[in-house]
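Which chain is which? They are A, B and C, in the order written, and residues in each are numbered from 1.
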Amino acid sequence: MQTSIETLTGGLMLGALYALFGLGLSLSLGVMKMINIAHGDLIVLGAYLCSTVMQALGAGPLTSMIVVVPAMFGIGWLLQRLLLNRVVGRGPLSPLLLTFGLSIVLQNVLQEVFTADTRSLQAGDLALHGFDIGGVSLGLLPLVSTLVSVAIFAMTAWLIGHSHWGRQARAVADDPATARLVGVDDRNFFALITGFVLAVIAVAAVLYGIRTPFSPTAGPERLLYSFEAVVLGGLGNVWGTFIGGLLIGVAQLFGAKISSGLGPFFGHLVFLLALLARPQGLFARNER
Amino acid sequence: MLRIDRLDAHYGLFQALFELSMAVAPGETVALIGSNGAGKSTLMKAIVGALSVRHDGVQLDGVAIGGEPERKQLARGIALVPEGRRLFPSLTVRENLLLAARNGRQGPWTVERLLREFPVMEGFQHRPATALSGGQQQLVALSRALVCNPSYLLCDEISLGLSPLAVHEVYNLLGRARGEGLAIVLVEQNVKRALSESNRYYCIQKGRVVLEGQSERADHAKVAQAYFGM
Amino acid sequence: MTAAVSIDAPQPAGPRRKALKLLLLGIGIALLVGLPWFASFSMQRLLVEVFTVFTVALAWNLLAGYGGLVVVGQHMFVGVGAYALFAISNKLGMNPWLALPLGGAAGALFALASALPMFRLSGPHFAVGTWVVAEMMRILALNSEWLGAGGGMPLEALGEFDRWTRNAGVYWAAAAVGIGALLVARAVLRGRLGLALMSVRDAEPAAAACGVSVQRAKLALWVIAATLTSVAGAVAYMNTLQVTPDASFSLNWTAAAIFIAVLGGIGTIEGPILGTLLYFLLRESFAGYGAWYFIGLGSLAIATMVLAPGGAWSLISSRWSIDPFGVRRDMPYP
């Protein structure tokens, strides 16, 4: 029973990280109606960026975030303004194919620059600490990751519900043509969204890189987990993505217990079964 | 003065407007009369920036503004109440207004003022905007455009599908706006109301102006002929 | 005032043009069939790759361009077809060439089964959802001892044939699959299914209102594309003599299909032909540059989507109005 609880808590904490992966995807799908196939590769880019900054500054991964997060925001802004804005609104095919090409480019550029070897972000002592609560051991780092994830979700949910930007985002998601009529500047607004998405990816990437060794080709799997979290949770629902992520994380860890190589497979299976049972996702927003 | 000068407009290969010319002076109300598909909505979209047209096809106080994006036209004081209301379902009534107010110009029309003048709206301000009756939605849609403090308000079929009482309320608000010097372009299928609410009128048929004049002295027979194209 | 549009039916080919077309066709077929007698083994193997990749790309293009079904997981059928062929031939001792249709049938069955969860998704969700299924298949094959796990399986029956027969046989199978796929695609598009699909592509609600069963049309296309892909996959791995999970369920299959469709032109039959030629030309010229080759390919795809989303064929067909396969149904504009 003990280890089952640890698997559960471990799964929830892993899931919180997957949820954070998924948050960005959920936003760009909801507001700009496009899926970024390079999403996972951008996570990996963030991790490599952090690694580079750490080496350049001689700093730890969490401190390096001060540079990495704004840098990724800028990359996201430019990506949207220079490339993606040209294909938004042309239907879902163009952005999907463009980002598919982008994914290939990213993976191979990373491979050229950093070689195909895996590496991880050294967090030093931070990775070793843990707590013992009622006989269940919890690592400090996973706990911190989870809290960061919850905080970012809460902040995003608040922004969407109570800020001007959130209103614009919801309006554009509802009706882009009318949103333009009430003065939404979609070119810059989309760039802002993608910048924000990449900033969130940056945070997730650092937490991920500390926890798991990564390599240039690790992107596609991250995309799949992000995607599963978003679809499970239901489109248009921020906290739904969070729950979706938790479910995938738990499924993966329980699956790994059953057979060590089959963790991700069980995540996929849960996704597929949930899809069969409730295709619109667990917390889909009702279309009026 | 808002001037439309020999404007052509296309949807892909289909031409919707043919060298259409008209003008709206500050403070006056102009009616656009015509059957479905005549090109009235297309004209509105062209003015407000939702359609790509020749730069000098639309002129504001002598400056060419045709084809520029909606937010620029909004900043210049041109706002559209679109056909079918098109409120945002994911936003409450209040949020619909706040969004437009923040993006629009500063002026006498504020969210607070509109809620104050329409206690009914104040009552449902926190409801999702589409969870209202047609008449209530139209009031909100009109308010959403007003709150941008335009000089030229374009209204596309604002009485469509509304009960007579609701129509009365909507035109009441419009009247108040007009009283404060707002110029209005009114697209109305109800010819009688269009003529009674406007100073001048244009009849549009297949993308062209076929008749125009002073609304008071309109010859209803001629207008009917122009409307039905007989 | 615009001039009146003249709606002429495309002129049917005169008897001289028809004879010329048949002659060219005959020469082409003779060359294709006779190839094993004058080409090297490596040339034949390359052509097997060309034909099988072309078939997968054609199938992807049918799905995306005509059915509105963009998939990132088409490689699931490649693996299913290949594994089905190998398993049936190995375990039942069947001649692999005779077992090829069964590989296709396996793909068709898998298409029906996967449609159940997948057709509940749409748009980009559907695209990535198929990728999830493909990943699951890869992991299953990887962990299945019966299928040889990570190392995969060899095609045992091939050992009974001499090298020349084996190479020629696989080459002929590949050519047949490639030409067959083209014929199937043309037949589909010129038939009722094609008409239904194009009406759905142009205006889905209107098509549904006219009585087109949108779901059935899409399902039919899904099964057809799956069958083509599975047979291609089966032949492709006959060529390599070994099937492994990482190779046969690799995203690279779909990636190649996507590049070919994007470069050549989505939603046309000519596009995949042109795209395949371009793809292999690029590959044979630049693959030696490793990662830079892929960076170039990816950048080319990005540039194409931004600048010429209709692909290379759209650039050609917009200059000269040609329709070699006779599937276009639009009115000529003045």
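Here, a residue touches a chain if its C-beta (ideal position, glycine included) is under 8 Å from a C-beta of that chain, and two chains touch if they have at least 3 such contacts.
This is a predicted model, so every value here is computed, not measured.
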item	value
Labels of chains that are neighbours to subunit A and to subunit C	none
Two chains joined by the most C-beta pairs in contact, as defined above	A-C
Between subunit A and subunit C, centroid-to-centroid distance (C-alpha), Å	33
Separation of subunit A from subunit B, taking each centre as the mean of its C-alpha atoms, in whole Å	43
Rounded Å distance, subunit B centre to subunit C centre (Cα mean)	51
Multi-chain contact residues (two or more partners), subunit B	none
Sites on subunit C touched by subunit A in the complex	64, 70, 72, 116-117, 120-121, 123-125, 127-129, 131-133, 135-136, 139-140, 142-143, 251, 255, 258-259, 262, 266, 291-292, 294-295, 297-302, 305-306, 309
Subunit A to subunit B touching residues, read off their complex	164, 167-168, 170-171, 173-175, 177-185, 236, 285, 288
Contact footprint of subunit C on subunit A as seen in their complex	29, 34-35, 37, 83, 86-87, 90, 92-94, 96-98, 100-105, 107-109, 111-112, 220, 223-224, 227-228, 231, 259, 261-262, 264-265, 268-269, 271-272, 275-276, 279
Residues on subunit B engaged by subunit A in the complex (per definition of touch)	48-50, 69-71, 74-75, 79-80, 82, 86, 88-91, 95, 98-100, 102-104, 128, 130-131, 144, 148
